[in-house]
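Dropping the structures in below, format is structure tokens.
Shared between the two complexes below is chain A, which pairs with chain B and chain C, respectively.
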Partner chain A sequence: MKKRIISLLLSISMLATAGFTSCGKKSAKSATANDPHTIVIWHDKEDAVTDVLKKKLKTLEPDVKVVLEKKSDLTESLKMVGNDPNSAPDMYIFAHDKIGVYAEMGILEPITNLISKDDLSKFMDSTVEAATYKGKVYQMPLYYETLLFMYNRLYMKDEEVPKTTEELYSYMKENTGGGHYGFAEQHSTPYYATVWINGFGEKILSKDGKAKLNTKKVKEALTYHKKFVELQPGETEYATVNTLFSEGKAHSTIAGPWMIPTVKEKGMDVGIAPMPVIDETQKSLSPYMGVQGVQVLKNAVKTKKASIKKVLKVLMDPDVEIDLAKASGCAPAQNACYDQDEIKNDNVVMMMKQTADNAVPMPNAPEMDVMWTVLGNLMTDINLSNKDIDESLKNAQAKADSLIKSMK
Partner chain B sequence: MRKLKKYLSCLFVFAMVLGLLFPLQGKVQARENKEEMSLIYANVPADWTNPNIWAWAKDGKTAFDAWPGEQMNEDKNNSGWYYMYIPKWANHVIINSGELQTKELELKEGNAWLTVKDKDNTEISTEQLTKGDLPEYVKTFKVHAKVEDSWKDPKIWAWSAPDGKNAFDKWPGKSMTKGEDGWYTASVPEWVNSIIVNGNDGDVKTTDVKVDPAELWITVKEDGTNELSYVDPAKANAPKIKVYVKAPADWKNPNLWAWSAPDGTNVFTTWPGEALKKDENGWLVKEIPGWVNSLIVNGNKGKVQTKDISVKKGKNVWVVVDSKKSFKVYYKEPAIKDDASSNASSSKSNAAPIVAVVALLVIAGGAFALKKKSA
Partner chain C sequence: MKDRKYNTLKCYLWSLPSLVLILLIVIFPIIYTGYISLTNMNVYHWTNYSFIGLENYKDAILVFDSGFIKAFVMTVIWTVTSMILQLVIAYVLASLLNVRGLKARNIYKTFLIFPWAMPGYVSILLWKTGMFNSQFGLLNQWMNKLGLTAAKWLNSDWSAFWCCTIVNLWLALPFMITIIDGALQSIDHSFYESAILDGANWFERTVYITIPMIKPIIGPSVVITIFTTFKQFDVIYLLTQQVGAKTGANIHTIMTYAYENAFITNNYGYSSAISILIFVILILFTVVINRRQKERSV
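Moving on to the complex of A and B:
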């Protein structure tokens, strides 16, 4: 099975490489492919993040020159050129959830071949777990993100913040009406739905890449969740829900940390609180955790190992993660950062740390691509089309099994 | 997480399409949060009861939704003086009370004390004419109430529960001002979370109504039962209108941005709005809610745009844009001569050579076939 996936990916890669190399525009890489002192890093980050990284990487010059190259289509580009040393970057900075795809393609170098076990032990266990695929660690974590429970203090006072989901439900019943909502979430988009499924102790994809949708726990989670959905708007999209919250139509929400600057800009006194505990399971609502970090391309290690190790070493400095937290609200991946006052006093970062204690690393297996689609349709069937839950789960399981099988 | 963001970005595009189904969410509630405010005091003659303030900027932007504006607060420590905080940019005001009103008064920057002698004579001072500390600025929100005619002189009583802090000195509370749309309006402090609307000096009233501190509309029946909404019912029930546009040919993929002024309710969630689609007559068209009174046509992903275009509410409108600075507005379809400057016409003119070439090929092919047949 694995060989078939790899051969398919390689074929795509070769075709794409041919296509890419015929194009007129050259990336920074093509000019520096054989220069062991120049490292090209692809990323998709905002300026606030890259400014911090650039400043630190500059300290390596003139010994090593690092070129940070922003790629909006990073994941697809890597699939296309990951095997071509003339076109691929030497390293890339991205979330951990694509590691499985690239590991299966055979283009990633295990990070443990480049940093010591002692160094790796400095990172939070959950971030290293996220970076691990089939027993190998492929990423040096930099920071992580989780969804957060946020509330508008104009409406929801600190003492009213629900500690349990039943308290949340009572609050919703009391404060929903006339176009305002006590709570609004992207209830039928898969990433947000997994907050509830994880909280019921289920993982929708097993470690060996099998779909787990038609299970007792998923049924319990989605059945319980539906009563919350009924007190929310029918729309479940990113813009709609975020607008409801940011424009003062929803008292509380579950959203990413990237939402905070937007609502603060609008003058909202936004509060952040721990995820409510599900009364039925006594576990918190559990979002996925996304870990952003550095991955190294296998081809680059052949010719640039020394320089790559220097880059990793310099980015391992806890000050980099602290600066990233200050610049962009990123939660540091290294334990030591949380001893620093600058981090301890950052409410958003500390709440992400607290949420991360119960968060589930987002699966990094290639099969997860299938699961997003199938789970999205399942949520639509149950929440928006009011289809029978047993039948919907059965159909979703069959669909996921079929799609995963055809992947292989 | 990146995958998620990518996934969400797809959903975001889809959500924009749904924007019209959910048009009332774009309220720019934060406007007041970031504005600098000026304190306006008015001393009015004794027969000017419950004076209101109407305020606007030179460009016509108004500080209040509808005439006669907002009822001013009585300063208990300075007899005869009333005050109100208004946005700093609103430097034109009229003080009014029923049929009485001042002339347009132009203010200098900062706080102002207006001594109204009569409707034609008002002295304006930037020196403090009242005694004691100036009142603290308290954010407020508007309560609109529609009551039966039998409810005379509607008032609002407001407080914070459960601590019981009252917004007004004594029952039955603050008078509500009747607007041209028939709704009575009053502002209450943002810390309020409970209200009672009453009439006939408190003899008729609603029950306690728990509210969010956000602009709201409450429809009260004769028996005091009521329906609360945070969405302006007039906007919610307004029929849709169509906007027809001709845009300059070099404005790629023209979009429409639409909103209601002065409250700032947007139709679409994000700039540059939504795409205009060409109809069979060559007009670029978009259907939007009928409560819209302001438009911007833009192109090239919002990089070129018109100025704000004021339009009448509830009417289909035709907008012919010649350039960023030049446009014309019609309420009946104008007879526009197609030329190269419009998208619609340019599309037609671009198509013409293609049609001609195809026609020539058909003719040539036919001639060849006839020739071959005859041979």
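Moving on to the complex of A and C:
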């Protein structure tokens, strides 16, 4: 009898726990869902960025309370709950490249329904272009990032900084060996490899979502790039390349601005220079530009439009972007910020602005999701498995076409 | 008769909470995946998806191309190799743990079980950067000390396969050692004493006493491990295929192949159809193994 009672109690407590857990979660979310004065913003940013945002958003209280919630799997979580007002956030801060996916899913509100055209015109054209999908603007930009050419002044003097890719190649030949590399990049990682493809004037995905891999320009770019790969480490991943640079084993690299605090902490005298010009095309290496900004969910607008407008208005203040630049080296998205001395004197931000002039906004079409994998495989086939370039391009094109077809 | 019916009903009633949980956690996702596989649910039809019959299955069959067949063969080789190595190594280590008079047995057991305590994701990435990395990995540090040329362990299919197998062994051995250790302890020592009196050597005792007696105990664990190894994704993906960290090796199991050819498309109908087909393959595999086991026991 005793055993029966214990097992009954255990069964009840198990079911009750399961029930309470799900109810508990739901009630916490639904409390904010029904409160027009509480705005939940999901993000995946570091503390330096959120501290600036929190401080500014605090000024809205008690009228509007903003809760910033960090989500490491933000993109997947949004796919799961984007349509559910009880679980989804009201807004989120993320790069522009997922806009196409969420716009097609129908969960995003065009930002032009919440801010005026005059307000939007304050932002750099390239950032607004990045936030536009099928003619509608879905993001209010905050800042943008591009990859930068960085060098360690201990090894590469300012006068040695290569202005062209051939100068870079000569430097690599002279300085690679004995555990040192003249230059190291994530050569077979798609985000970094596109720096070379863009520099040859090709876009791997057309505006209408068609893959462009088996083209003359991509072939030229990857053939030319390969000789640089041969003088670099066999690994292409973030940790290896960044450690080589931060440990002083690689004299120069192409990396994001997020790398700078790490190397400065290690005492490196790091220099930042314009991207080398490709001798073959006379265009500089062109990285992708990622625009970080605020997106608003459709469901939230139905019940919280007034509060959302207030949040956007506060975040539109150029001081926010200037503070972000000072705190985390983010390049402001508003033109007016570049008239301020604080920004003009920031070498990293100004170099990013210069690089952004030649940068290509990262495509925001949903098809880009499959292109990352296909391009990654293509780069690996050519650079690490030494497969024939023509054959690899042909296979990659066929694979991309088939995967894009499978998306629909 | 009435009592029997009452007892049966009572058994089901007592099991009801567990059955409900199993239904929610195991059965419902399978049924729901089956339902999604019959719709056109994808990024372009997220909420307005509709029933499209077996269209996704027609497309999914195309994934089962020559690449899939190659991945399937690779999966079988991977499973067989891993299982043989796991059973042999686990048996040897468990036998050593059961040597009479062994001191500090529990300390050895704790060390051997350690890989189980670490999250698999962390273990795999530690092996990747800490051991196999061509610049900083321990293996190449040793090679350098010995005056040998540094190797790119994960770049070629052959060496990447063995690296993946080693990591899989590291992750899976604690479970198998624990099971075999328990099975060995359950054998009555009088069997061995009689065999020794009859003049049986170590090999004969192993073949005629130990293995037949532990077989029924470790059987279910072996079947579970076969399936875990067969549908292994993490080890191969994280060591060789992760986007942004590909190594040049082109080894695929059916899971990594399906991921690269379907799941990245955000087409949930199509991906669900492929999941259901892989599920059917695994079910067929189970039926074959069960039938073989029954035949052997007869």
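The rule is short, and it goes like this: the second predicted complex is superposed on the first by the 379 of 408 C-alpha atoms of A that agree within 3 Å, B and C clash if a C-alpha of one lies under 4 Å from a C-alpha of the other, contacts with A are read in each partner's own complex, and residues count from 1 in each chain.
FYI, a contact is a pair of C-beta atoms (placed from the backbone, for glycine too) under 8 Å apart; a residue touches a chain by one contact, two chains touch by 3 or more.
All values derive from a computational prediction rather than experimental measurement.
Clashing of chain B with chain C is the outcome of superposition onto chain A.
Judged by the touch definition given at the top, the superposed model places A:Pro366 against chain C, while chain B stays out of reach. With both structures placed on the common chain, the touch criterion links A:Gln354 to neither chain B nor chain C.
In the superposition on chain A, contact of A:Ser385 is made with chain C only, not with chain B. Residue contacts after overlaying the shared chain place A:Gly290 against chain B, while chain C stays out of touching range. Once the two complexes are laid over each other on the shared chain, residue contacts for A:Ala239 go to chain B and to chain C alike. By the touch criterion defined above, A:Asn335 reaches neither chain B nor chain C. Contact with both chain B and chain C is seen for A:Thr189 once the two complexes are overlaid on the shared chain. Superposing the two complexes on chain A places one region of chain C into the space of chain B, and among 99-107, 153-161, 189-197 or 225-233 that region is 99-107. Across the two superposed structures, the residue set of chain A contacted by chain B and also by chain C is 189, 191, 233, 235, 237-240, 243-244, 249, 372. Interface residues of chain A facing chain B in the complex, by the touch rule stated above, are 44, 74-75, 94-95, 97-98, 145, 154-155, 174-175, 177-180, 189, 191, 233, 235, 237-240, 243-244, 247-249, 251, 265-268, 288, 290-292, 362, 372.
Those residues of chain B that touch chain A in the complex are listed here as 1-4, 6-9, 11-12, 14-16, 18, 21-22, 24-30, 33-34, 190, 210, 212-214, 216, 227-231, 269-270. Chain contact summary for the complex, chain A toward chain C: residues 7, 11-12, 14-15, 18, 79, 83, 101, 104-107, 186, 188-191, 233-240, 243-244, 249, 366, 369-370, 372-373, 376-377, 379-380, 383-385, 403, 406-408.
Every residue of chain C that touches chain A in the complex is listed here, in rising order: 14, 17-18, 20-21, 42-44, 46-47, 59, 129, 133-136, 152, 155, 242-248, 250, 260-262, 264-267, 270.
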